[in-house]
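All chains are identified by letter, namely A, B, C, D, E and F, in their written order; residue positions are counted from 1 within each chain.
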Amino acid sequence: MPWYDMPLERLREYRTSTQEPDGLDDWWAGRIAEARALAEPLTRTPHQPGLYDPFQVDDVEFSGGGGDRIRAWHFRPRGNAAAPMVVKFIGYGGGRGVPAEHVLLPALGYALLVMDTRGQGGRWTSGATPDGGTGTGPENSLVMTRGITRPEDYYYTRLFTDAALAIDTAIKLAGSGAGPGIAVTGGSQGGALALAAAALRPDVVRVCHADVPFLCDIQRAITLAPHAPYTEIPEFLAENTKLIEPALNTLRYVDCALLARRITATTLVSVGLMDDICPPSTVFAAYNEITADKEIAVYPYSDHSCPRGHTERQLAHLGKHFPAR
Amino acid sequence: MPWYDMPLERLREYRTSTQEPDGLDDWWAGRIAEARALAEPLTRTPHQPGLYDPFQVDDVEFSGGGGDRIRAWHFRPRGNAAAPMVVKFIGYGGGRGVPAEHVLLPALGYALLVMDTRGQGGRWTSGATPDGGTGTGPENSLVMTRGITRPEDYYYTRLFTDAALAIDTAIKLAGSGAGPGIAVTGGSQGGALALAAAALRPDVVRVCHADVPFLCDIQRAITLAPHAPYTEIPEFLAENTKLIEPALNTLRYVDCALLARRITATTLVSVGLMDDICPPSTVFAAYNEITADKEIAVYPYSDHSCPRGHTERQLAHLGKHFPAR
Amino acid sequence: MPWYDMPLERLREYRTSTQEPDGLDDWWAGRIAEARALAEPLTRTPHQPGLYDPFQVDDVEFSGGGGDRIRAWHFRPRGNAAAPMVVKFIGYGGGRGVPAEHVLLPALGYALLVMDTRGQGGRWTSGATPDGGTGTGPENSLVMTRGITRPEDYYYTRLFTDAALAIDTAIKLAGSGAGPGIAVTGGSQGGALALAAAALRPDVVRVCHADVPFLCDIQRAITLAPHAPYTEIPEFLAENTKLIEPALNTLRYVDCALLARRITATTLVSVGLMDDICPPSTVFAAYNEITADKEIAVYPYSDHSCPRGHTERQLAHLGKHFPAR
Amino acid sequence: MPWYDMPLERLREYRTSTQEPDGLDDWWAGRIAEARALAEPLTRTPHQPGLYDPFQVDDVEFSGGGGDRIRAWHFRPRGNAAAPMVVKFIGYGGGRGVPAEHVLLPALGYALLVMDTRGQGGRWTSGATPDGGTGTGPENSLVMTRGITRPEDYYYTRLFTDAALAIDTAIKLAGSGAGPGIAVTGGSQGGALALAAAALRPDVVRVCHADVPFLCDIQRAITLAPHAPYTEIPEFLAENTKLIEPALNTLRYVDCALLARRITATTLVSVGLMDDICPPSTVFAAYNEITADKEIAVYPYSDHSCPRGHTERQLAHLGKHFPAR
Amino acid sequence: MPWYDMPLERLREYRTSTQEPDGLDDWWAGRIAEARALAEPLTRTPHQPGLYDPFQVDDVEFSGGGGDRIRAWHFRPRGNAAAPMVVKFIGYGGGRGVPAEHVLLPALGYALLVMDTRGQGGRWTSGATPDGGTGTGPENSLVMTRGITRPEDYYYTRLFTDAALAIDTAIKLAGSGAGPGIAVTGGSQGGALALAAAALRPDVVRVCHADVPFLCDIQRAITLAPHAPYTEIPEFLAENTKLIEPALNTLRYVDCALLARRITATTLVSVGLMDDICPPSTVFAAYNEITADKEIAVYPYSDHSCPRGHTERQLAHLGKHFPAR
Amino acid sequence: MPWYDMPLERLREYRTSTQEPDGLDDWWAGRIAEARALAEPLTRTPHQPGLYDPFQVDDVEFSGGGGDRIRAWHFRPRGNAAAPMVVKFIGYGGGRGVPAEHVLLPALGYALLVMDTRGQGGRWTSGATPDGGTGTGPENSLVMTRGITRPEDYYYTRLFTDAALAIDTAIKLAGSGAGPGIAVTGGSQGGALALAAAALRPDVVRVCHADVPFLCDIQRAITLAPHAPYTEIPEFLAENTKLIEPALNTLRYVDCALLARRITATTLVSVGLMDDICPPSTVFAAYNEITADKEIAVYPYSDHSCPRGHTERQLAHLGKHFPAR
């Protein structure tokens, strides 16, 4: 994919033109309060005892959006009760998979909570969490238009609430390791969730790593991105033309370019100038709203696959701002 | 797409090798009884008064699977209280759309109930019905794996139950027009729903038109069909390998090749030998189980798009077995 | 497909830069006069008696461009001799199909003439009309470059002449129903034919519905549209470089953005801002030339598939400007 | 494309199951007689004098099927009045192009007649010949279904007749060079024309080179080939189901697997076992019917692009059976 | 991709029909001896000190095929000198990437040597090793036909020799950890390398994990696989027809279905029945030749992406047959 | 492909923004001197005696970049010792093939040297030349990133040096025919090589034909071209981000838009405005730097396939500036 979006100079200055809904903070506070009110205690079950021996790996279940039970993996390096805690979110279509996929940070001395993605987990890795009432497990699904007619009913409202409550869960699980706060990380949809968690929980999220984040400047993205998942929305609105207005309104509530203004965490974002899933201008739209300490890694020839070497930049950033001990 | 499935001689004799679950009739009776127990009265709202003037067109809402409210269009030719009633079901991704899409049978003197498809209606036409708890309207969705881990929770269990209860609704709406029973019709997923409605309500469904029906001999179909929607299932099971057994079990409950044995209606099926969405052997697998009066229109060079001229064969068949007055 | 054409503000003001050929009106008058001079009487054969019972459906043959015989369907609601008459044209690759495809307007009280498309009808529906000397029936064909070297020989000159003479035929068939003039309708190529018929017969065409019309601002379209059928022309001119000049000249004679200036009918156009078959600027190029009473339905997230719900807007428009009785 | 057709052992024994029409020889004799009766004298115009200096290159026009004028290039090596004559036919979509594309055989001492393809020449190279009444020049066209409802009207009946009359023309142009008879050559559609010319003119065609020939065992080909042009026919018959019988009947008249039985020329055929345009079994179906002296070059890993090195095998074969002087 | 290869019952019994070259063991012994004779000492440079803190990660360079220097990552869990050693190989197009990609086994207590892939590393991850004389680093390359005309010159001869010498290197680096021998692992091309290393070093390789292995039963694979990289070979032989014989001969020297007979390691293979990169029959062709203790994980709905959950089966297998301490 | 690059007016004025490396002339002089120092005598072997009878065709081998032996075809019209000499270069993926592919210019009285492409020749035609140390023959390869980290090691440095030394070889072979200097020709990669040969040997190259040339304004091309081969570079740099700087630097040494300034030959370039392999602005970037006598053939509707009729323009240009005798 060529450089189809703005040149880099303009990307660095680009600002979203989407208006923030009135009372966005109160609205989100309401969502989270509602979810907490419905929450049941978290449960922990050891996963495959012995298989990941230097680590204790638990299959965790906590209450997320609307009180729905959300699965997660919790890693704790054995013998390191004070390991600082990172929360990791997963990209579109995926779920928490198996713990083997997530061992990097635990190996380097971090506790880790990997939040499953409700109603996903049916495409490139496995999952374990249904989306509320209509499923009994993971799905090979499209979720961009689920409940889109009303912000309170939107899939991503539930999922962002899950992310906010995953922070609660992480603090509980971290124990003394929660001292320096929580770090969040993820790529694509996981990057959106990292930004959202940092924005919704600015009190405790201290470091945020968001790779090629999805769900930023969404109103622009759906007119520019040539590939799924953004295209799910124009496909839907092509026929359901009476839902255009309510859908555009709903999308404002979960737009990370608007939420990003609340972030206080030290933030590291990555962007590929050839990204045809999450157009670079939409990533910059979020990055440019962040007022906290921040950096952006610009990869001029990369598409939506963040370079694998970027992980070392993240580890160094984490080592500096959120050291393992 | 070439002739990639069996030659026609073998298709005519092919029988599914999937075993019917024990107690399938009781199980479905349970589903329907459960839904009826939860049902609320149907509602009718006139749609766009005057726009379809020779017809009364109502926006109907009835209770379907799990008591969920299902939308539908109801056409009644003005001044023909005894018009016989046809129930129409919609293909994958679609919903009831607008009444203008369905005027053929009403124009020829039939009453018509067009059932919306819960949680669909977001791709090639519009919809109006959420899938139970997680939506507030139509979705641009994939539904093949939603709730697939348990037959009671499977999306298609709910949807087939909607179809069975649409027959109840049709009888109520038809009044004296229900005398000759009910006819059902649809293509692809709509064809599966027509077969399912005929199988689940053999007492009242007298004529069944199923074009290039989906959801027949599913265990074979998911190993043979190169394109969506059948491929949603192997994509899902590729990673969620622990769910292979429960998923295959669930699929048996909604397999129209197994349900077809219950059909008493005079049935007209169509099949394209180049159909790469619903492989011809899977269509024959259902057709070959039907013991009622039946015909199959074999189109050797057609793919999943049933020839438009087939409609005239359907009208002639309907005129003979289910005349408009 | 993203918004790849101009932003909506510029679309609303965009004007074609293609120059109208000198004497375009005389030239078209000559074509039509020539065709009328060669015309033989129209013939009518009842189609499938009884199958469409409330309607009389005739298989009609009339003389079109160059005197070639053109097939059509004629619907007349039984017992309504004064039903106003609509003429419907078909999209690229298609033909008149079977009457069942066209029953909407007759059901609502209109007489309808569905003109077959010479030398097409071989792809997504059936046809019955050869293109003059070289065929004996429908074809799975490409026609964009047939006869393109000389305007008099161009396929679309013949086809537009067919459309003009279909209006003559409609008037004859309508009888007293022709009182309020004739309405024309169609989508894509059918939209181009509707515009052309309205432009070539401004004396009698009173209402024009053109959905996502093809063949507007053609010289621009062939440099912008990424998909067929416009791409047939650059593919052809890529090698036949000596034919570039004559081909561009020929295209001016059938460019609906130039012809549109002659329209006197009340016109309703639709456009999808994601239409990658007929780029939105080319649709606006035609719309912006119309000086008659006009409206345009802009669908921001739709591609070349006009939303199905748009039909209700058309019915309301027809009900207001061309009521059924 | 994998080896998707029969294994080589079975290919070598495969026979077509299509029945030859009764009286096929008489029927073709009638076509050719009819064309000859309508023929006008051939004309010759020097092309770009001096540009191809060691050769005289003429733009030739002769009468082909139905008396239509067919363009061709005629090369004669200057100063070699007795050069033996080869007739070359062109592949689907192409035309005679420019002489520069055909200089190989003239350079090696042959006279050459390159027949243009009526109504084609609009895709990968240029053309100059319309298809009878409806064109004024080359077209970017599909021709597989043009006139398919009646053998007398079928496009390929006309084109094969052109090929037969091109042999007449070649003899006239060759003068004393026609002593050893005529050789024919071509690939794909050109290969079909070479086989057809050899079959229809067994009296004078002495050598036949047919690379990866098209239009052999057509009834099988249209159920097996995954790509155009064979797919044009199933696409057409998918909707025009009433034309299936007449179309299948028509195809028998131009099936080179049936015509091949008449060939007396020494024949060299090539086939690629990965050819997904012209399936290898269909090529063998023609080859296996030839009773004359013959060879087949089997390329196990080639698709429809005959290896370029095969030309040297053809030159050697020509040198042996049809030497340049 | 459907089940396009043999049914599972036949897969379990399928044997390759490719003949093993005479003297294959001697030939490989020669290759390895030659490489060892040219070898220079291995070098070790600490990588990013501190970044992977619980591990010592070294950038290693050793001499492989033809004496070329090969890069690798070496992980040693700090404070565990006796950690058993696993050697990991990489899939087609990839290289060793960054250490972060490989931390799983070190985290569980293993030493790990990740061998870079000469002349690859330019597509989905990065690399560092040129292929001998013509490169100075990684390449975005195709290698299937590099040197294919002679077994001694073939790319995969060099690469398999690298793998054999990586075992030498692993033993040196493991120190006392080499007591239980060496384990090898990899997927796709990495799976082929794992099989090859186990076959070429049956004296020391004790456990072999080969996921969806490439380069098995190659002569069949190149006629069956619809996608790259196997298709590189037919694409090449399509034109270079004179090289068919030597190329097929060369491929026999690196065919893991032939080499597999030498394996003594306890082996775990995985296969996806929908794998359209490495057809399942070719994987079984290798598996069925293994006479050592072995298991195969058959994933009926998986394509070339081995299920991520399979890693846990591998960890359990490793824990049983090659425990971390 | 639409007109996706600049409008023609801007193309005519566009200048590359890539900076020429300091000392570029000296650097190239060094490369060539180095190669000449390593050169061995050229060898000539008659190819297929008699097959191309009016021509003597030799299989030639000469020393190119780094002293590597490069294969070529040499045509000399028998009995014309003073035939002027053209050197022809081949497009990406191809090699010299067989002589039959190149007979046009010899047939018109020119001597011709067709240079094989090292390490290519494995895709659309055959080859015979390995790329130095790692191959023994042609390859189905990607070469855009081979050795890209250092200009001295880059594949295209070697290949351009081959082209420069092919000129030496041509002069030797031409004998008295070298009087008017040498002409060079080629398309795509062959066009780049023609430009490079003219730029590196301005002393003897008198006419240069470069069709749709590749490798011009490369830094822009890799951000704009949607298809291979330019995309090989961004694919590579997407992951190998540390090599971005050295790679961009290397590309400057072989950028024909920079080298073009040295051309003294009369030059004819062609460009397609719909070329999506070699974007038109990159072709103009080279053309606009040429200060010698020049023309450009602009084909507005052509893609990367230069129109076949362009050959006649080239022949006329050659006849005027470089006559055959």
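The definition used in the following text is that contacts are C-beta pairs under 8 Å (C-beta built on N, C-alpha and C of every residue); 3 or more make two chains touch, one makes a residue touch a chain.
None of these values were measured; they are calculated from a predicted model.
Peer 1: Within the chain touch network, how many edges lie on the shortest path between chain B and chain E?
Peer 2: 1
Peer 1: Over half shared or under half: which fits the residue numbers at the contact of copies chain D and chain E, same or different?
Peer 2: At the contact between chain D and chain E, which are copies of one sequence, the residues are largely different (under half shared).
Peer 1: Which chain has its C-alpha centroid at the greatest distance from the C-alpha centroid of chain C?
Peer 2: With centres defined by C-alpha atoms, farthest from chain C sits E.
Peer 1: Could you work out how far the Cα centre of chain B sits from that of chain C, in whole Å?
Peer 2: 36
Peer 1: Any idea how many Å lie between the Cα centroids of chain B and chain F?
Peer 2: 62
Peer 1: Approximately how many whole Å separate the CA-defined centres of chain A and chain C?
Peer 2: 50
Peer 1: Which residues does chain B have that touch at least 2 chains other than itself?
Peer 2: Expected reply: 97, 124-126, 233, 235-236, 239, 241-242, 305, 307-309.
Peer 1: Between the chains shown, work out who touches whom and classify the graph as line, ring, star, complete or other.
Peer 2: other
Peer 1: Judged by the touch rule stated earlier, which pairs of chains are there in contact?
Peer 2: Chain-chain contacts present: A-B, A-C, A-E, A-F, B-C, B-D, B-E, C-D, C-F, D-E, D-F, E-F.
Peer 1: Considering the complex alone, what residue numbers of chain C touch chain B?
Peer 2: Contact set of chain C toward chain B: 48, 50-55, 97-98, 100-101, 103-104, 106-109, 124-126, 305, 307-309, 311-312, 315-316, 319, 324.
Peer 1: Okay, in this complex, where on chain D does chain B touch?
Peer 2: 222-226, 233-239, 241-242, 244
Peer 1: State the interface residues of chain B toward chain D in the complex, per the touch definition above.
Peer 2: Interface residues on the chain B side: 1-3, 272, 274, 299-303, 305, 307-309.
Peer 1: In the complex, go through chain C and note every residue touching chain D.
Peer 2: So the residues of chain C touching chain D come out as 97, 119, 121-127, 130-142, 144-150, 153, 155, 232-233, 235-236, 239-243.
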